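Letters A, B, C, D and E mark the chains as written, and numbering starts fresh at 1 in each.
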Amino acid sequence: MSGVELQNVVKRFGDVEVIHGVDLKVDHGEFCVFVGPSGCGKSTLLRMIAGLEETTAGAIRIGDADVTHAESAERGIAMVFQTYALYPHMTVAENMGFGLKMNGHPKAEIAAKVREAADILKLEPLLKRKPAALSGGQRQRVAIGRAITRGPQVFLFDEPLSNLDAELRVEMRAEIARLHREIGATMIYVTHDQVEAMTMADKIVVLRAGNIEQVGAPMDLYDDPDNRFVAGFIGSPSMNFLAGTVKAGAIEVPGLESALNLPLALPPEGTKVEIGLRPNALKIDAESGAFKVDMAENLGGVSYAHLRAPSGERVIVETDQRLSAAGGGTVGLRFDPADVYVFRADDGARVRA
Amino acid sequence: MSGVELQNVVKRFGDVEVIHGVDLKVDHGEFCVFVGPSGCGKSTLLRMIAGLEETTAGAIRIGDADVTHAESAERGIAMVFQTYALYPHMTVAENMGFGLKMNGHPKAEIAAKVREAADILKLEPLLKRKPAALSGGQRQRVAIGRAITRGPQVFLFDEPLSNLDAELRVEMRAEIARLHREIGATMIYVTHDQVEAMTMADKIVVLRAGNIEQVGAPMDLYDDPDNRFVAGFIGSPSMNFLAGTVKAGAIEVPGLESALNLPLALPPEGTKVEIGLRPNALKIDAESGAFKVDMAENLGGVSYAHLRAPSGERVIVETDQRLSAAGGGTVGLRFDPADVYVFRADDGARVRA
Amino acid sequence: MSVSPAISQGSAGQPAPRKRRRLSRKLAPWLFLAPGMFMFLIYVLIPIGRSVWISFYQWDGLSPAHWIGLENYAELLDDDAFYTSLKNNVIWLVLYMLAIPLGLFIALFLNQTVRGIRIYKSLFFFPFVISQVVVGLIFSWFYAPGFGLFYKITEWFGGQGVAVLADENLVTYGIIAAGLWPQIAYCMILYLTGLNSVAPDQIEAARLDGAKGIKMLWYVVLPQLRPATFIALVVTIIGALRSFDLVSIMTSGGPYGSSRVLSYYMYEQALSEYGYRMGYGAAIAVVLFAIMMIFISGFIWKMWRDERGL
Amino acid sequence: QQRTLTLNTDASDPAPKAAFDQLIKGFEAENPDVKVVVNIFDHEGYKTAIRNFLTADSPDLANWYAGNRMAPFVKSGQFLDVSDVWEENGLKDSLAPALSSMTIDGKQWGVPYTYYQWGIYYNKDVYKKVGVEVPKTWDEFISNCKKFKAAGIDCLTTGTKALWPAAGIFDYLDLRTNGYDFHMKLTNGEIPWTDDRVRKVFAEWAKVVPYTTPNTAAIDWQDAVSNIVQGKAANYVMGNFAVATFKDGGMTDDSLGFMDFPEITPGIPRAEEAPTDTIHIPAGAKNVADAKKFLAYIARADVQTKMNQELGQLPINVNSTVGDDPYLQAGFKILSTADGGIAQFFDRDAPAAMAKAGMEGFQEFMAKPERLDAILDRLEKTRQRVYKN
Amino acid sequence: MFPRPIQTMSPAARTAYKVALPVMLVLWLLPLLGVAMTSLRPSSDLAQGNYFGMPSYLAFSNYLDVFRNSPFASYMLNSFRVTIPTMIGAVALSCLTGYALAVYKFKGNLLIFFLFVAGNFVPFQILMVPVRDLTVKMGLYDTITGLALFHVAFQTGFCTLFMRNFIKALPRELIEAARVEGVGEWQIFWHIVMPLVRPAIAALSVLIFTFIWNDYFWAMVLTTGADTQPITAGLNSLNGQWVAAWQLVSAGSILAALPPVAMFFLMQKHFIAGLTLGAVK
C-alpha cells in the first residue's frame, strides 16, 4: 500500500553519475537498511526518495503514486537527519508541530498530534525546552518525534545515531526498533554501523559505488553472501581472506597443511581464488603451524589473536580463552570445512555448490 | 627512576573542585591508562601532570624531582593531544624539531634526533610534507614523533586515537603498544575506549567524579572489580545487575527460582544488595522462567537477548545461537554461581569472601 | 629495531643550555598588552574622562578654563539647536535601520550561483568601500538644484524641482538616503555571508515540512541569520549615531541648522570657525556618549554572555 | 648680526602669496639685518591653526582680521597692544578708515593692510535686455525686480550654503535702513533683535525675497555666480573678490557692472562694508622690536600701494594709490567717501556665536520669510546669552 | 541554500533573473555611474547645461587637470603616508594585545577586552577636544605623525577585538603543545601564532586601510593644510575651490575612491572575511 519502489533510478551530479540505475522494492511496513562504504551513494539514494535531490532518470513510486518529480512535502514522507536538523529557535513542541503549522492545520489538531508523538517518545517533560537545552539522545528523539507528528507513510533515516555515543546509540536503536513495531510504517534507514544494520533490518541493501551488491535479510547476507565484498562487509570482526589456487579439484592455500577439498562447483584448474573464514570459525592449534602470532588482545569475555599468514595476510581469530598479550611463536589453524567460503579472485563472485 | 607519583593531588577551578585528592604511583616504564566517564577528570589530571593546569594542592613527582610548580618545559614530559596539535605551517620535520630548535640545540643534533624518531615511526617519506597533506593516522604518528624527538622520561596521551576511524584506530593502537615496548618510557594514556584500555594497559586507573575508584591490571579489574561502578564500567556489553536482599544467609533475587547461596561474607540479614552477572556468563533456559524477552539481536557470530526481569531491570544475555528477533514469551536464566558478583546496594562496594 | 639511548634516556629533564631567561607566564600577558594598552589609554580612555571633565567648564581653548558646573548642560536643555540635533539623530537611528531589511533583500536577490555572480556581488558592495566624503559629494551632485539628476527627475514628474538639501523638511532624509547607500551594501555583505552559513539540513527539513518562500524565510532562515542581524544592527546604530561626514560634506548642518545631528553640532560648537566653546561641545559629546553607552552596554552584555557560554 | 622674524600667514592662494613675497623682499631690503621666515597656512585651516600656534609656538607676526574677529585674542591677551606704533607713525590719520575697527578698549592691537568693498555686481546685458536703469533707491530696485521677474530672470541671486553671503545682504539693508551706528550697536549686542528697527530691515528684505533665486541654501556662492554669468539672474550682493570668478565665467568689464547698494532711508550718512585684513604681534613674540618695525613698514602708503596691486584689493592708507581696475576704482571711490562709517562684515563685527546664529537666521528668513517672529525671538535669546559676560 | 537555486526554477524565471541582475546593478550604482560620466565630460558641456546627454567627447584631461591645478597629488600622498603606517602600527599592536587577551588567563582579562571593545564604539566626538589638545601639546598638531598616532591608538581597539577572537579560535592545543616542548612565550607568539594569523592580518590590514583612507573627521580635527591633509579632507576643500566645476569634483572623487576600491578588488576574500569576523567599524 505504501511501499517504496525504485525503477532503474539514476543520479548524475553534473557529469558524474553516482547512482547507476538502481532497482529496489521496499514493501509496506518493512524496515530496510542501506549499508555500504562511505561515498557509495546511500545518502544520495535516500535524498532522492525524499525529493531533496532531483532524480536524473528512472522512476520513484511511493504507495500508488509516481513521485519522481513531486515536491518533498507532497510525498508523504518524513526524514530524520544525522545532524537532527532541529530548528534551534523553536521549542520542542514547536519543532514537532512546525510541519503541520506550515500546512495550515488548526492549532488544536497540531497540539493533539504533538502530544501523541511526545507520548510515544516520552518527550512530555521536554516540550517547552529549546533544542540547545537537550542532550544528543533527546535531540534525536525530538527529530524522530517531528517525523512522527506528520504521520507519514514512509520514514527515512540518514545515519540518525552516528552522532551519539556508544551507550546512547544502543538505547536509541532499541527505541527506533520499538517505534517501527508500534506504528508499522515503512522505514528506510542508512547507516555505517554493522550492529544497527544487523539488528534492525528486515532487509539490508548493500550498496557499492552506486550499485546494489546484494539485498536480503541480515542473516541471509551473513550466512550466504553473494560475493567477497558483501562477505567482507557484513560481520565484525571482518571475515579473514586467504589467497589460494584451484589445484586438482581442491584449493591449495599456502600456510594450511592440507588442500581444501570442498563440495563446490570449483572453477577450472589454476584459477586464483580466495577463501573466507570468519574469526569465530577458527580455532588455534597451538602444536604447530605456519601462522606467526603478532599479538593478542584480551577484552575480558572474548580475546582476539592477531596472526600473520606466511603470505603476509592478517588473520584474526576469536576465542574465549585468555591469551598472552605479547605474541610471538607460530601456530596452526583449525576449522570446519563447512565454514569455508570460496570467492573467485578476479571478480569476487562466490563459488557455490 | 622516572615514574610519576601523585600525592593527594587536588584541582579546583574557581570554587569547583574537580579532583578530590588523588594518590597514584605510576612506575618507571609502565603503561598506565586512565578511564572513566566523561567529565570525571581524566584530562584534568593528565594536564596537571603536564603542568598545563596549576595544581591546587598536593604534590606531583616525576622521577626524583618534585615538579608540582615547575613549568611544563622543565618536567621532562611530552604530550600527544587528541587533536594532534601539529603546527600547520611547519613541515613534519620542522614540527618534530621545533622544541629542540627553540631550546637552542644545534642544527645537526636536531636533524639527527628527528631522523631517529622518523625512523622509529616510518615517517621518512613524509618529512617534507605539511600536516595538511597527511592522513589522520599519519598526523597522529607525527604527533607521537614530535614527542619522541625530545626524548622525554614520561609520555602523556590524551585520547590520541579518538579522532581516527575504527580501522585506523586498531592500527595505531598496535603502533603505540609497539613503541612502548621499544623505548620503554613511562606512558600515561587517557581514553574512553574499552578496547584500548583493556589491550594496551599495564595498569588501568578507573576514575569517577574526580576520585580513583580502582587501580589494577586490566584482567584484574575485569575479573575482580572492587565495586559496582568498576564492574559496570569494565567489560562490554556491561555487566547485568539485579537487585536482591540478604535473607537467611543467602541472597534472594526476584525472578530467580532459588536463593543464591554463595561462599561470601554476606552483610547482615535484610541488607539490600545487587548481584552482577556478565552477559557471557548467562545461559537461557528456554523451558520456563520469569524473564520477559524484549527482543534479540543477531550479529551473525554472536547474539544478544534482551530480557526484562520481573522487577523491570534489563538483562542482556550473550549467546552464539541465533535467536528470533521479535522477542516475546518468558525464559529462565542459568549460570554458574562462581560467576556471580555481589555488591552492596548502598555504596556499591563488593561483597567478597 | 632498537632505539638509541639518546632518545630513551632523554635529556628533556635538563633541556639545552638556556640562553635567555624565560618569560614567565604571569608577566607575559602584561608585557604583550603594554604598548597597545598605553596607546589606547592615552588616546581613548583618558580623553573620554577629560571630555566629561571639560564639559563642566567654560573654555574657548585660549583663555584659562573656568568652572561653571552644570551650566553647559542647563543651557543644552534650553537650546533649540540641540533639540533639532537630537530629533535628527532619532530620525537617523530609525531610518538607518532600513538598511537592514534592504540589505537582506539584496542579499537574498544575489544569493544564487549563476555565472558572474561574484562580480555582481562585488559591484553591489562598492558603495561601502568608498569614502563618505565621496558619497556625500556624489549625492550633493545628485540632489543639486537646477541640474542634479534627482532634481531633474522631480521636476519632470512634478513640474517644480525639489531641492532636497535646501528644504528643512527633506534635508535630513536626503542625507540619510545617501548614508543608507553604503550602509545597505554593508548589511548586504553581512547577510550574504550569513546566508552562506545557513544550515542546509534545516532548510531541507523545512522543505520536507512544507515551508516555502516567505514562510521559509520568516520561520527558518531569519532565525538562523540572527548573528548577522545582530552585527548589522550594531554597525547600523553606530553608523547612525556617528553620522558626521555626510552632514558636514553635504550641508554643513544647513539649511539654517535643520540637518544638524549631535555629532556635527558638537564639532560646530567646539572646533568650527564660529565655535570654540569647548565646554559646551564637550557637554554635547557627553550626551551623545551617554546615548551610545546604552547600545555599547547592550553589546558588551551580549558578548559577556557569549564568553560565559563558551 | 642677523636677526629673524617669523611671520605666520594664510596667504596660500597665488595672489596673496605673491603679495607677501614681494612685501617681505621689500622689508628685508630695507632691513638687511633681519631675516623674515614665513609659514604659510591653508586659508581655511589657518582659522584653527592660529589658536594653536598662539598658545603653543608663537611667531613674531601673524595676520588676522579686524573687528570683533580679533576680540577673543585681544581679550585673552594673545595679541600685543601696538598703540605705540600707531602713535609714532601717525597711523591714526593715515589708516583712519580702519581705526575704529582696530580699536578695542581704546587701544590698537594690530595694523591693517588691505580691504575690499562690497556692493552689488550686476549683469549689464540683462539690464539692457529687460530695459531697466541702474537703480538709485531701493524702491527703484524693487520695481526693477518686477520687470526682471516678468522676463523670467531672478532679480537677486546668491548662494548661502556657506551662510555668510546672506549676511552681506543683511548688513547693507541695515546700514541703509538704520545707519552705521545702529548696525554697530546691533552687532555689539546693545540692541534687542526684536526691536522694531530690526523688523524694519527685514521688512525691506521681504520685498526682495520673492525675486530672489530659490533654494539658495543649497547653492554655493560660486554656483550663484554662474546665474549672473548665464543671465539667469541680474544682481548679486557680493565682495570684490568675486570679480575674478565672474571673469572666469566669461564676463568682461563690459558686461559686469558694479553699483553701490541703493538708498533706503533717505538722509542717513552712507556707510559701507569693507572687511579688513590685519597683522598682529602675538603676545609670545620673541622679536618684538623688529615686529613693530615690520608693522610700521606695512602701514606705509607706498608699501600698501604695491601690495594691494598684487592682491587686487584696496589699500587702507589714505595716501596710497589704487590700481586702474574699474571695480577697485569704484570701490575706492565709495569707501573713501563713506561718511557713515565702514563696517567689517557681520561675522567680523559680531561675536562668533552671534554671527553663526544670525546668519542662520538670515538664511532661514530667505527661505521662510513668514517665520520672522520666531527667528527674531531666537536671535534675541542668543544675544542675551552671548553678550552676557 | 536559500532562496531556492534559480537553476531549479522555470526557464522564464531564469531569464527574468538574468535580466534583473544588470538592471538592478545599474539602478544601484546610478549615482556612481553619473559621477563617472561627469568626470569625463568636458567643462564646455557643463557650461552649456549638458549634464546628462552624451558628452561631446571624453575629456580624460579632467583627470590631468585635477592634478595640474590643485595639490591633489599631495593630498593623495598624505593619505598614503597616514594610512600605511597606521595600518602597520595598529595591526602590530593588536597582534600583541590580541594574543595576550586570547591566550592568557589572568584577572581583568575580560575587563580589558571589553574596554577595548567599548572604546571602539565610542562616538569620536567625545575624544575630539582632548585628543586635539593632546596633539597640540605634543607639537604634533597638523602633522602626519599626529594623525597617524591617533589612528593607531583608536584602531587598536577594533583590531584587538578582531585579533583576539581570531587567535582565540586557534586550537589551544597548539600553544599547549609548544609550552610542553619548552618553547618560550615570545617564541610561541612569534613562531606559532604569528604565522597562523596571517590571514587575519591580511584581512585586518585591508579593513584598516579602507577605514583610515576614508577617515574624514579626524583629518578635519587634527590637520589643516595641504601639506598634511589626506584626500578626504582635501577633496572637501577642493570642492570649495572647484564649485561649478563638477567635472573636476567628479574626477577627484573617482580618484580618491580608487585606492580602497582597488584594495577591495585585490583582496576581496580577505576583505569580506574581515568584515564578517570583525564586523564592526
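Convention: contacts are C-beta pairs under 8 Å (C-beta built on N, C-alpha and C of every residue); 3 or more make two chains touch, one makes a residue touch a chain.
What you see is a predicted model, and the numbers here were worked out from it, not measured in a lab.
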Expressed in steps between touching chains, what is the minimal separation of chain D and chain E? 1
Note: chains that touch chain B and chain C both are A, E
Rotation in the CA alignment of chain A with chain B, degrees, nearest 5: 175
What whole-Å value do you get for the distance between chain A and chain D if each is reduced to the mean of its CA atoms? 94
Could you put a whole-Å number on the gap between the CA centroids of chain B and chain E? 55
How many Å are there between the centre of chain C and the centre of chain D, using C-alpha atoms for each centre? 41
Here the gap between chain A and chain C, centre to centre from mean Cα coordinates and rounded to Å, is 54
Any chance you could list the residues of chain D touching two or more other chains? 48, 55
Residue numbers of chain C (touch at least two other chains): 12, 15, 22, 25, 220, 271
Which residues belonging to chain A are in contact with no fewer than two other chains? none
For chain E, which residues count as touching chain C in their complex? 1-3, 5-7, 17-18, 20-21, 24-25, 28-32, 34-35, 38, 49, 51-52, 93-94, 96-97, 99-101, 103-104, 106, 109-110, 112, 114-119, 121-134, 149-150, 152-154, 156-157, 160, 182, 184-186, 189, 210, 213-214, 216-217, 220-221, 231-233, 235-236, 239, 246, 249-250, 253, 256-257, 260-261, 263-265, 268, 272, 275-276, 279-281
Seen from chain C, its contact residues with chain D in the complex are 60-63, 75, 80, 143-145, 163-168, 251-252, 254-257, 268, 271, 273-277
Within their complex, chain E touches chain B through residues 171, 173-174, 176-184, 187, 191-192, 195-196
Chain D contacts chain E in the complex at 12, 41-42, 44-46, 48-49, 52, 55-57, 220-223, 225-226
Quick one: which bits of chain B touch chain E in the complex? Just the residue numbers, please. 50-52, 71-74, 77-79, 81-85, 87-89, 98-99, 102-103, 146, 150
